[in-house]
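Next up: some structures, all given as structure tokens.
Okay, so chain A shows up in both of these, paired with chain B first and chain C after.
Up next is the complex of A and B:
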């Protein structure tokens, strides 16, 4: 899996008439699909009450939720990089019995309903969970804290980073690494000076996907971390709550989340183009 | 003095070889496709673990594995071997400039940034690539990239340099320049060069080892192996035309007065003794002197016709040419028939002897 690539770097190539193109009928379902994705976004914008917009998105609860979301998503992205890069290296550059099974298990959160992930986390780290007693003895209380938010986000976002980085590692191949080794570079030097720089675009794409996934996390968070203003109530949770009491605020905050997502994608494209 | 010794068996590739390399010796590893040449290089470089074997470079044991009775196996990883590998593709790190590519080895060996850059600058000059220092690999031509790759391999000052067909991926027009540069920088080094090209072996190597089906079938001084080949492969690639004589500014003139013009791959001055080398396949056979582009035209008398692969080798007293069976019929070739051999000057390599 990789982030959608920007258009052809050579406009003159893109503009040239293609000798062989897709069949004409594919444009109909393609257009239908595009409308299906774009129309709801337009609907949000159409529904925003611009007069009260600023007040709604700068209310105490909104700002607290936005700040919490950005902070926890950034932290979980860092955790995803810290844990995911080694995981992708092990999956792409080694082979051992049971590797296929392990890969499938690691990628499970991709297809698991987030609520199920939240329950799994609760019965692992919660007070009555698998490690709950041990943590309690150590005086650590995880569930329903900001740490739980970060754990929930990392749990669902990690596979995105592992998948895109493993793909990048497999594509870049081991030939440069072999050359580097024959030039006297030890494994750590090869990793730092050859492997990582070569897969940097893949790593950036994976990190952005992880960040976006963390930012949108809802199910696992509300199950494992609850919804405490300023502590565990991230922006998606705030939007869900506001929808009941103040639909205008929910719409305004949704637009904020859309803008943040657009901004992230734009930053990555700018970084890639540079 | 022997500096490198190898004996290795890789079962799943059917490889079983043993040979050594002298201190200042360039050894050419020849053989048909699939003979195991690249496997040998992988084993020596530390990229492939042999089932059985041992190798030493200088005082150090590179590996010693699978010997019955040996107390324990040893296997030095690639980065501790001081064995540099130059592949067919330059494989320059795409994210580093040419200079930083060359500085990579010294950096990895623990030299300071400034020291490594100084070493890189020196080696880039050595391969005539100073002006390329700040370019990225994507901005280099194939020949330029391969020159930088040579500098990168040599900048680590390897105890043994391995080259896997370093000229195979290059333009025919670029190969002579690179070959000339290699002749210069490979002197005084221990080198194993895998090649398909008998000209590479002749011009670069002191010794030739021929590999067939994973076994060494011939091992001897280059001139001897190419002059009196004992293996089928060596026989097939040998038989180069060589005209020895004196360089007169235009070409090589032999004692009989025959003048062969060509491209000088070395610095050759008039009066130097020199050799003109060309492949039998580069020779055209005519019944009358042909016109057209400048070429060497030689009157010869056919002495012998013999099958050579899917072609016929036309032998004369000194030179030979490869032609198709159809051409033999068309030209009515037979022993004692007088014909004209023509060779384009750019198919002839002239070097100092």
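Up next is the complex of A and C:
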């Protein structure tokens, strides 16, 4: 399994080649694709009952779910950065036997159905799981806690950070790092002063994707963490539950989730442009 | 900026490509081994009816040459919502009267629904019963991890009702979306106990132990079935309803733990 490496061509290359532009016919499937993505969003907006919107999204259960979602997604994004940056460094800057296999394994949650991730986490950290007994002896119980939500989110979101940062690291190359090293900078200084600033856009992209993926996490959470208001019931779980009794509330909350996602992406774009 | 956008696009592409590969749902359509059946009867039934209705579907196919029964098993409210949105179904069997009433008021039901089974709650515990649960009252013990259905779904509404009748206040560690989620949490030993239907305990075999409790009779779930108005196979649809409500249907349901309505 080989992964495409994100990143635009080097500026010099882009300048030398004349822009050809895509063949005209691609606009037809491209437009169809865009409509396919945008239309359902429009349909949600069309279905919102605005009269009760505010009451629905500011109910106790909705606010608890939104707050929990934001809190857990922010925490899991931090975890993704903390774990993902070193992982991407190791994958991009070193080579050792079995690295390809390791890369595929690390990126596996990307292609795994989240429910499978939840089951895997359950049999690892659950009470009767692989580490369950050890954890219980230590007095740690993960299941049905907010920590379980964060673990589920981190599990599914981590590959997004690793894959985008590894791409950015490979694209930025090692020239500047090598120069800094010859000028006497130690590996940690090179990492902090050269490597990180160079790949900051890739890191930001990865962090945003991780946050968005955490925000939308459903399958692993419901399988591994459970569903209790204020503790484990995040916004997607609340939406799914509200659908049972009050489809209007589910639609209103869906719109909130869409807005939060748009806001996050917009903020980062604005930050990049500034 | 450009590089940022490119990274996002690339990652999203990988994501979607992967999603396309794994997201292929296992459809209900399947070729029959000996010649294709001429008619397909589509039955929408509550998830808790999966094993019994699959069995009855095979009996129905054996009695009706050239007919294939295709099932869609899901939560009752999902099924009703799908039918209201125009899903092609011939028969609806719901796990509670509330959702069937909604189907009736949406005018998608052909005849008056017939009650064909009922179900009561049981306490499910792991086989070794780690928390030593023996009665409904034990579920109120703070150290006991109890999982129930959310009050929004039928099994949760029933759980709340028995709590009130028995004057027991359970503080669950999780309120699940579906009864099967409660069951799996007990099966895996994550939870010490859960409130599920008697038929779920029966279906789980030895993976959970069921404990009956007297207050369960205060929250009996009735299962109604009805042929649907949009059905293109009205006779077949009624035949299927008749099979489910017949003594033959009763015995299949009884074997799974369903009581008479």
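One rule holds for everything that comes next: the second predicted complex is superposed on the first by the 253 of 274 C-alpha atoms of A that agree within 3 Å, B and C clash if a C-alpha of one lies under 4 Å from a C-alpha of the other, contacts with A are read in each partner's own complex, and residues count from 1 in each chain.
Please note the rule applied: a residue touches a chain if its C-beta (ideal position, glycine included) is under 8 Å from a C-beta of that chain, and two chains touch if they have at least 3 such contacts.
Keep in mind it's a predicted model, so treat the numbers as computed, not measured.
Once the two structures are overlaid, the count of chain A residues touched is higher for C than for its counterpart among chain B and chain C.
Legend: residue contacts after superposition of the two complexes on their common chain; A:178 is shown touching chain B, with no touch to chain C.
Of the two partner chains placed around the shared chain by superposition, neither chain B nor chain C is touched by A:264.
In the overlay built on the shared chain, the residue A:241 is in contact with chain C alone; chain B does not reach it. By the touch criterion stated above, A:147 is placed in contact with neither chain B nor chain C. Of the two partner chains, chain B is the only one that A:186 touches; chain C does not reach it. Once the two complexes are laid over each other on the shared chain, residue contacts for A:74 go to neither chain B nor chain C.
Common to the chain B-facing and chain C-facing surfaces of chain A is no residue whatsoever.
By the touch rule above, chain A contacts chain B in their complex via residues 175-176, 178-187, 189-190, 193-194, 197-198, 200.
On the side of chain A, the complex with chain C involves touching residues 3-8, 110-113, 122-123, 126-128, 143-144, 160, 163-164, 167-168, 171, 201-202, 204-206, 208-209, 222, 225-229, 232-233, 237, 240-245, 247, 269, 272-273. Within the complex, the chain B residues that touch chain A are 45-47, 77-85, 87, 89, 91, 93-95, 104-105, 107-109, 152-153, 156.
Contact residues on chain C toward chain A in their complex (touch as defined above): 1-4, 6-15, 18, 21-22, 75, 77-78, 81, 145, 147, 150, 152-153, 172-177, 181, 185, 188-191.
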